[in-house]
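The following pair of complexes shares a single chain, chain A, combined with chain B in the former and chain C in the latter.
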Partner chain A sequence: MRARLHPLTALTAAGSVAVITVAADSWLLSLAVACAAGVLSVRAGVAGRVLPAAAVILAPLCLSLLMLHGLFFPEGHTVLAQWGPARVTTEGLGFALDLASRTAACVMVFLLFSFTVNVPDLVSALEARRVPAQFGFVLASTLTLLPAIAARLDRIRQAQESRGLVLRGGLLSRLGAVRLQMVPLVLALVDDAGNRAQALDARGFGIGGPRTSYRDVADPPAQRRFRAVALLLAAVAVALRLAASWPAAGLS
Partner chain B sequence: MSQQSLTVPAPGQAAGRGRRLLEIAGAAAIAATYIFLVLTQPADIASGPVSFSALVALGGFLLGAVLLIVAVLPVLPTSTLVLIPVALVLNVVLGQLMGTTGLPFYFDSIGTVLIAVLAGPATGAATGALSSIVWSFFNPTVLPFAAGAALIGFLAGLAARGGLFRRFYLAPVAGFVTGVLAGVVSAPIAAFVFGGTSGLGTGAIVSAFRAMGDTLLAAITKQALISDPMDKAIVFAIAALLVYALPRRTTFQFPFVRRYRVLAGNAPVAAPAPSKA
Partner chain C sequence: MSATTRPALLARIGGFTFHGDARPVLRDVGLSAAPGTLTAVLGGSGSGKTTLGKLLAGWLRPGHAGSLMGSLELGPERLVFHGLADDPRINPGAWSRRVGFVPQDAAATLSTVRSTVAEELAFGLENRGMPRADMHAAVAGTATLTGLTALLERDPATLSGGELRRLAVGCAAITGPEVLVLDEPLASLDAAGAVQVRDLIRGLLDAGAAVIVLSQAADGLARTAGHWIILDGGTVTASGPPAQLMGAPELARSGVVVPDMPSAAPSRRDTSTGRTGAAPVLELRTVGFGYPAGRGSPPEAREEQVLRNLDLAVDPGEIVAVTGPNGAGKSTLLRHFNGLLRPAAGEVRVQGSSIASVPVGRVAASVGLLFQHPRDQLFERTVLREVSFGLRGRLGVEASVSRAYGALAAVGLSDAAGTHPAELPASQQRLLALATVVAREPALLALDEPTVGLDRHGLDLLHSAVEAATARGAAVVLVTHDVAYARAMAHRILELDGGRLRQV
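Coming up: the complex of A and B.
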């Protein structure tokens, strides 16, 4: 069922939810959105990838926010505890909770999108919307290049180890080891890119004009209506937030 | 005949002017957003309007980054375009590889700087912005920093055009200046969108400034002025090392490198040979 979602519908939904969450500025809504994204990722069968990725991103951020605003919040008035210059204030903890939950909601929603979207479908949908073909190439090329690079880096390391590279010792020898791996990697990548450019040019990649695609992504009218409504809701949320906060921000 | 064609406006000239306008509009959007955010920064962040600043920062900076991409991307030659995915991958992979050395820096713009040195400021800016957008597929918190990444690529390209990569000791100086500007521009994003920095080390520095009574934006800007110039100086030095480690045959195939004499030394003698073949 999820496979039939048009990539732009998923992208619009993710973007609108993130914008509305930021505009709403309520930690309850943020937490609800994050939880909903978690539940959806379980149902889509990608929870095993989304949740660890989100944890790696969010854990340091949340700890940092807790330390920063939990202990040092000069604007806070309600002091709960105090050690020297560090003051735990209700306002500081609330601010940390607001921002951490808001970031968590946005990260979860976008990770759910990027781990469920079919990249070739997304690229061809973007091209059908007259986004420059180069953008689709860069996106798809990078996403397919990353796993290949990891394998290549592994091969380079093995080759250098067979020639006597040892990964231990002080900082200088470690930096030397990094240099022995980086230079062959960069050289091979730049060289590959040159070959790829010739192959692409031979197939008319650099020429402008209309393009046809073998991949046709179905875009049912219901999803178009959904996208329009989602964009409208996001625009209304932003307009309401701007209207509500403008005088306060302008006066200060 | 050929003299006449020099004066007749080429059909692509109007399109070129349109793209230049888009580039300027993108840069203006980023600059205007920064100035607006600093002028209207909420005096009391506890009372709520941080959401307003977050929306303005996200909207303005992303608009600027997208305008830059739209202006630059369609006119790039294929040989430069295929390098952009390489740069993005290098940003990710080299960032992780440097992480194994245990140094407290992030080094997530090595690929961007490398491409900017080889292909110029406009390509560098587009690479930086694209890098953030593509990277956000794995880590959505990178997306709001697209404008800062574009600025890094642009300034690295300018430094290369100005010949700062011809002398090895000048590259870190250019990186230091780039780090100052990029750090200052990125600070409102960290302050208003995330409310802090994502590392415990940088968080501790921000906490110290907060304990002295600074506003959040001031504290994060000061922290960025401590961390970013050092980070970018090292990144520029690494990029310079990599460029000089690449064979001349590879680096001198880029028109930007040949035209502005970006690198020390002469073009390889064998350069004219391919035209005969």
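Coming up: the complex of A and C.
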């Protein structure tokens, strides 16, 4: 699936699904989309990365939604339980569920996209559409930055351990080690960036003018049509949503 | 260099001073490189070779990085610099298309955002807007020249040192520059890798490029050069054909390593065995280790065995050299000595006790590890802080400072205590890394490629440091691809091959 899908098709699909889900404003549809993204991530073999990442983002978000709207929702009438000023209302829970499911759908869809997209393909596809090369470089660097930082931190830790830094499992010891590693990490990254800039200059990265791309990303006509339809559907969904809520907003 | 051939590059450097420095790093340097000829710039550590190379290649731009008095001529184009604000400016992108540069650290030239060797090669062409069909032809041609054809679909991050160097040369050569400047092109390569790079340079010369090699060794490659320039203290002390300069006093003074020069020290293996019969400092018992294979590999290839059933015992005062080709697992072996890597099978014992459940930081009191790349070892803000790291807790403030200064003096860096380690030349970074090891006075020194990048003065300092360590009873295990050095230094030479150690 990953090999055949043009990165812009995947991006358009993810973006359109997210827009349509938000516009539809139905928690059932949102949950269905989130579940579908989960199933696709299993089939693409990236569930092991998508699901933990989604949990890290969504768990605190859902908790805070529940705290805010589940317990304190002034418009709520159907009170299920009450502790002082905090009231659990059906409306509040419904609102929290709505927001949480919509966010979950968007997060899952974009995580699925970012863990399945082939970054070089994406950069190359963007460059072919005259997006500035610098943007593509920053995008690719950002996606490779975390592994690079992790590798650098590991090297610094090994160097420090080899000179007598004893790391224990405790939180305080870990925090102490992080403090020792931060300054070297930042200095090393700054140094790397300086060297990288020289090398990029020497390889003609900054000379401007037209660029070409070595990588040829296949973009079959069917996928182009699919993208056009997806964008159209998203636009229609937004238009319908606006039409449905505008007069109401105007009256209130 | 015949007078009839127009030089591809002609440089006359009256003086080059970095911004903020009082004294020029280069003065009175002249260099002329004709098409199809190899020029070797030879000099010891800190002689200004790398500065000269970067200046020629536009990596250091006059006006931008420092002030230049002199001229650079590239073909018919002549740029004259007076160290003034209205001096001509070099456009690095345009200049580098005609003068390619491969730095000592080959990985530093890579874009890091390309996923295959082919795309990395094409990066410089993409930036210059070459049509795709031409690019494919250029990549195929350069791959043939650099011997990378079989590796075109590989991820550059997975290449060995020799392959990476060839890729870096390929990236510089693919735009068809008239001049190529290579900084220490053979450093840290094994014999096979060195032959590949030498063949590659031969191919570039045949294709008509002027090649300038910067080196601190008058090695096999430098000896094939038509012209030598000896750089010492930032200026040219001698130049001419190799045959004329081989025995010149300027060469001897410069600190350049001359491989066949008879060593002052007799081969240690002729004089003693080193084995004392005392309890070994280090013992490896049937050690086995493998790295987990990459994702997506078949289950039967889940783990590639790097070390198999390996036994080793090293006595106090003994020097053991471990050799073997790039990628044989020599560095992996050393990382087992202090517990940075833990064996999958077998046991590592230091000074009689197993280190199985001892944290690396504690083993470090007995084992000092010199990493293969100094940049992996150095992380502090100043040279003095670097050497002092971890000493204060063990020795107290006063003793740690005097120990640190002692170690710096032993490697000739007493004057650099306040310098940032990244500002030192590569060879001094390695000596500083060595100082961080010897300052701890460990019972075992594990040195990974300690000679790489050292000039003759550096090698002498390394030699003294190893001698001093063994004199106080420490054991030394050094990994090197330099068999001649191993012969001169070690009591025993072992070759790591197929995961096992074999006496040579």
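In this text, the second predicted complex is superposed on the first by the 226 of 252 C-alpha atoms of A that agree within 3 Å, B and C clash if a C-alpha of one lies under 4 Å from a C-alpha of the other, contacts with A are read in each partner's own complex, and residues count from 1 in each chain.
Note that in this section contacts are C-beta pairs under 8 Å (C-beta built on N, C-alpha and C of every residue); 3 or more make two chains touch, one makes a residue touch a chain.
Every value quoted in this text rests on a predicted model; they were computed, and no experiment measured them.
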First (chain B), second (chain C), both or neither touched by A:Arg196: both
Which partner, chain B or chain C, touches more chain A residues: B
Which of chain B and chain C A:Val183 touches, first, second, both or neither: both
First, second, both or neither for A:Phe205, with chain B first and chain C second: both
First, second, both or neither for A:Ile156, with chain B first and chain C second: second
Chain B versus chain C as contact partner of A:Thr103, first or second or both or neither: first
Chain B versus chain C as contact partner of A:Phe135, first or second or both or neither: first
Which of chain B and chain C A:Cys35 touches, first, second, both or neither: neither
Set of chain A residues, in rising order, touched by both chain B and chain C: 137, 141, 181, 183, 187, 191, 196, 200-201, 205-206
Touching residues on chain A, where the partner in the complex is chain B: 19, 22-25, 53, 57, 60-61, 63-65, 67-69, 71-76, 85-86, 91-92, 94-96, 98-100, 103, 106-107, 110-111, 114, 132, 134-135, 137-139, 141-143, 145-146, 149-150, 153, 171, 174-175, 178-179, 181-183, 185-187, 189-194, 196-197, 200-201, 205-206, 208, 238, 241-242, 244-246, 248-250, 252
Residues of chain A that touch chain C when the two form their complex: 119-120, 123, 133, 136-137, 140-141, 144, 148, 155-156, 158-168, 181, 183-184, 187-188, 191, 195-196, 198-207, 209-216
Interface residues, chain B side, partner chain A - complex: 40-55, 58-59, 69-70, 73-74, 76-79, 81-86, 88-90, 92-94, 97-98, 100-103, 114, 130, 133-134, 136-141, 143, 193-200, 202-204, 206-207, 210-211, 213-214, 241-242, 245-247, 250, 253
Chain C residues within the chain A interface of the complex: 57-59, 91-94, 96-97, 101, 103, 108-116, 118-119, 122-132, 135-136, 139, 171, 175, 338, 340, 359-362, 364-365, 368-369, 371, 375-381, 389-390, 393-394, 422, 436, 440
